[in-house]
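Each of the next two complexes has subunit A plus one more chain, namely subunit B in the first and subunit C in the second.
Moving on to the complex of A and B:
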């Protein structure tokens, strides 16, 4: 059992989606995350174990390497694609309640900002880390964040901004969330952001990269 | 009405053409160079406040040393009339001639969001984009180039053809995510896009320059990084992107034209490859993404001219003491090899007050004299 979970983790980390995928070249022709996840479940490995010891291990590893500049965006995107191929098999178990996420993470770029690459990378790493991700997209108003929190009580929130001209909108959203949902964990990130700015506007944490967001939340809910 | 800045030119010994020409070769000049990019809202605000005359050029007002003009349209299907898919009070969703669905803000300046793409892989590239990318004269704004070149000559400014290079030409067609995944899964596909676009750019430049005359240099916009890291590794740069840079820069070199390359984001790990490709100057050195002007000067200043690297967050503090401190920390060092042009580390948003920017220019020029 450990062997197949290790192989799933490797496929996630290396971005090996399925048997027909030519990437990475040294795994060409071998089973990928799609086949191995299906096989693990058929062997009787629990969905929670597949998630925790396969997907999460693989995504944590690639996320950490990304933080250390040992891998780059193409590697992270391929890992995410492999993870999504595995998730197809786990989804029914999440829907039935047999498998559980670590928590729910609501994410969006703040009002006025249409840049989504950074947000998408964070979403991928959070999902791979075992979190249910509610992606509100770009240019998200404070009201939309509040509505999502109403629908998903107890969720953590991530706010992203690329532009100096839009990061000021974060403060409004953070203040509104703090007022209506005071226990909500709020993480902010994006090019113009700093830890000092995050503190100033009342966010709980500044994440310099996707793994930073995941590490903070894992620590915060432990 | 605020008067244009006269003291710069009256005390200067060189023209903008001479100055930037020398700066790009790191040869002696009378002072550091001066150039800037602005958000459109900034010019509107400063004009409304009476600091600029309606329609007054920022190049003239601040006596910039450079003038750029972007004459090419690299959209795949030139004949395609953008189709509005959805519209509300704040945004409009359209499909463009690249087959991309874009969401644009109607109320303020912002880069459009790319929502969806027809081109997602090699097959869709070959079907929807590649056959259309021919060196059609309709892609070139001859008149705009001619007028801008003349205006630059009249103002004694260094005139640069400007436009995107291959990385920035590809993502409007297929988006960053498909392009970056393609670099991993099907590098030959992305290499084919690089080759197609670099050949097209060179062909169009040959047509334009033969008819309208050469610029003083080329300026390529090529955003290859984001906060703390480039989009891809140096190995991927060398294997996939660099061939396109080499072919466009070789064209420039063959006509004696220096090359300035702009990149937002943290691109320092790619610099060895960009130098191999032949760039003369790196712009914009984005501090908030992790770029460090002084470190770049220390490590690359003998081989590379630099433009930018002054933290725009300091400018929009509108605090003269902070602006002065930022300039005093950097200018006396980076002017050392004659290879520096004053510019913010991105562009000037409308939070920057006119008087703050004017102080930045005047103090920067004062510190930048030789």
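Moving on to the complex of A and C:
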């Protein structure tokens, strides 16, 4: 069992989607995340174990290398593609309640800002880390964040921005979330952000990269 | 106009179209911009880069231009830059590097709106790796359009017996992005087809702006990363 979970983790980390995908070249012709996840479930490995010891291990490993600038955005995107292939098999178990997410994470790029690559990477890593992700897209108003919190009570919230001129719009959203849902964990990120700014506007944490966001939330809900 | 004769003067307030071939974008530039050393991007990235560089040619519509400010209209005081009646506050670091500039060129460059549309289409087609490669190609196209206009400014400066500083942009170091509004107020309306949102975001997204100082003592930084204060940047070399 450990062997198949380890192989799933490797496929996720290396972006090996399925048996027909020719990348990475050294895994050509071998089963990928798709086949191995299916096989593990058929062998009777529980969906929670596949998630925790396969998907999460693989995504954590690539996420950490990304934080250390050892791999770059395309590597993370390829890993996430493999993770999605594995997730297809786990989705029914999440829907039936047999497998549980670690929590729900609502994310959006703040009002006035149209950048989404960074935000999307955070979504992918959070999903790979076992979180249900509600992605509100770009140019997201405070009201939209509040509506999403109303529909998904108890969720954590992530705000992203790429320019200082739009980063300032985070303050209003953070204040409104704090007033209406005081216990919500709020995490902010994006190129111009700093830990000082996060503190100043009342967010719980600043994450420099997707793995930082995941690590913070895993610690916060543990 | 799509090229400048070697000896042609750089014209104030004129938009130049820059041909794709002139931008001479190659796969190594794209790999570098993603953070990889040349030849180090994993498969299938190199193949995607090669394929999308060919496609990009059909969508690129790069434009660039300058506004030139002469000694009578340029005043620097170590903290701010006065161009005619407009004052910029680029911060001590950039203001220091501009000291000695007698003339200033404000520049804007864009890869064109079609590139933004093409990038969105690549993402929408469902393969984020292709989307990100297209996005990086778009960023590099506009950077090279800015290199092109900078080279014209260098030639212009040489004609005046001057050297140039590096390019400096609102948003870098301590220069507030919101000063984009002041910068664009000095360009003709919709210069190079660029507009600004209320939050100072340029549209098309793949656009850049900034200024270059010119003077007998001016110097360019050999490595732009040495000037930039963003220590966590994945491109920092």
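By definition in this document, the second predicted complex is superposed on the first by the 222 of 222 C-alpha atoms of A that agree within 3 Å, B and C clash if a C-alpha of one lies under 4 Å from a C-alpha of the other, contacts with A are read in each partner's own complex, and residues count from 1 in each chain.
Following the convention adopted for this analysis, a residue touches a chain if its C-beta (ideal position, glycine included) is under 8 Å from a C-beta of that chain, and two chains touch if they have at least 3 such contacts.
These figures come from a predicted structure and were not determined experimentally.
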Exercise. In the superposed arrangement, which partner chain does A:117 touch: subunit B (first), subunit C (second), both, or neither?
Worked result: both
Problem set entry | Partner chain(s) touched by A:73 [first = subunit B, second = subunit C, both, neither] | both
Exercise. Looking at the overlay, does A:191 come into contact with subunit B only (first), subunit C only (second), both, or neither?
Worked result: both
Exercise. Counting only touches as set out at the top, which of subunit B and subunit C does A:92 meet: first, second, both, neither?
Worked result: neither
For this session: Report for A:154: first if it touches subunit B alone, second if subunit C alone, otherwise both or neither.
Result: neither
Exercise. Should A:138 be classified as contacting the first partner (subunit B), the second (subunit C), both, or neither?
Worked result: first
Seminar exercise, completed: Both subunit B and subunit C touch subunit A at residues 22-24, 69, 72-75, 77-78, 81, 112-114, 117, 120, 163-166, 191, 208
Seminar exercise, completed: Listed in rising order, subunit B residues that touch subunit A in their complex are 39, 90-91, 103, 105, 108-113, 176-177, 180-181, 183-186, 226-233, 236, 265, 269, 286, 288-289, 312-313, 316, 346, 349-351
Problem set entry | Residue ranges of subunit A in contact with subunit B within the complex | 15, 21-24, 66, 69, 71-75, 77-78, 81, 112-118, 120, 138-139, 163-166, 190-192, 208-209
Exercise. In their shared complex, at which residues does subunit A touch subunit C?
Worked result: 22-25, 69, 72-75, 77-78, 80-81, 112-114, 117, 120, 163-166, 169, 191, 208
Problem set entry | Sites on subunit C touched by subunit A in the complex | 34-36, 41-45, 128-129, 132-133, 135, 171, 176-178, 197-201, 205, 230, 232, 234
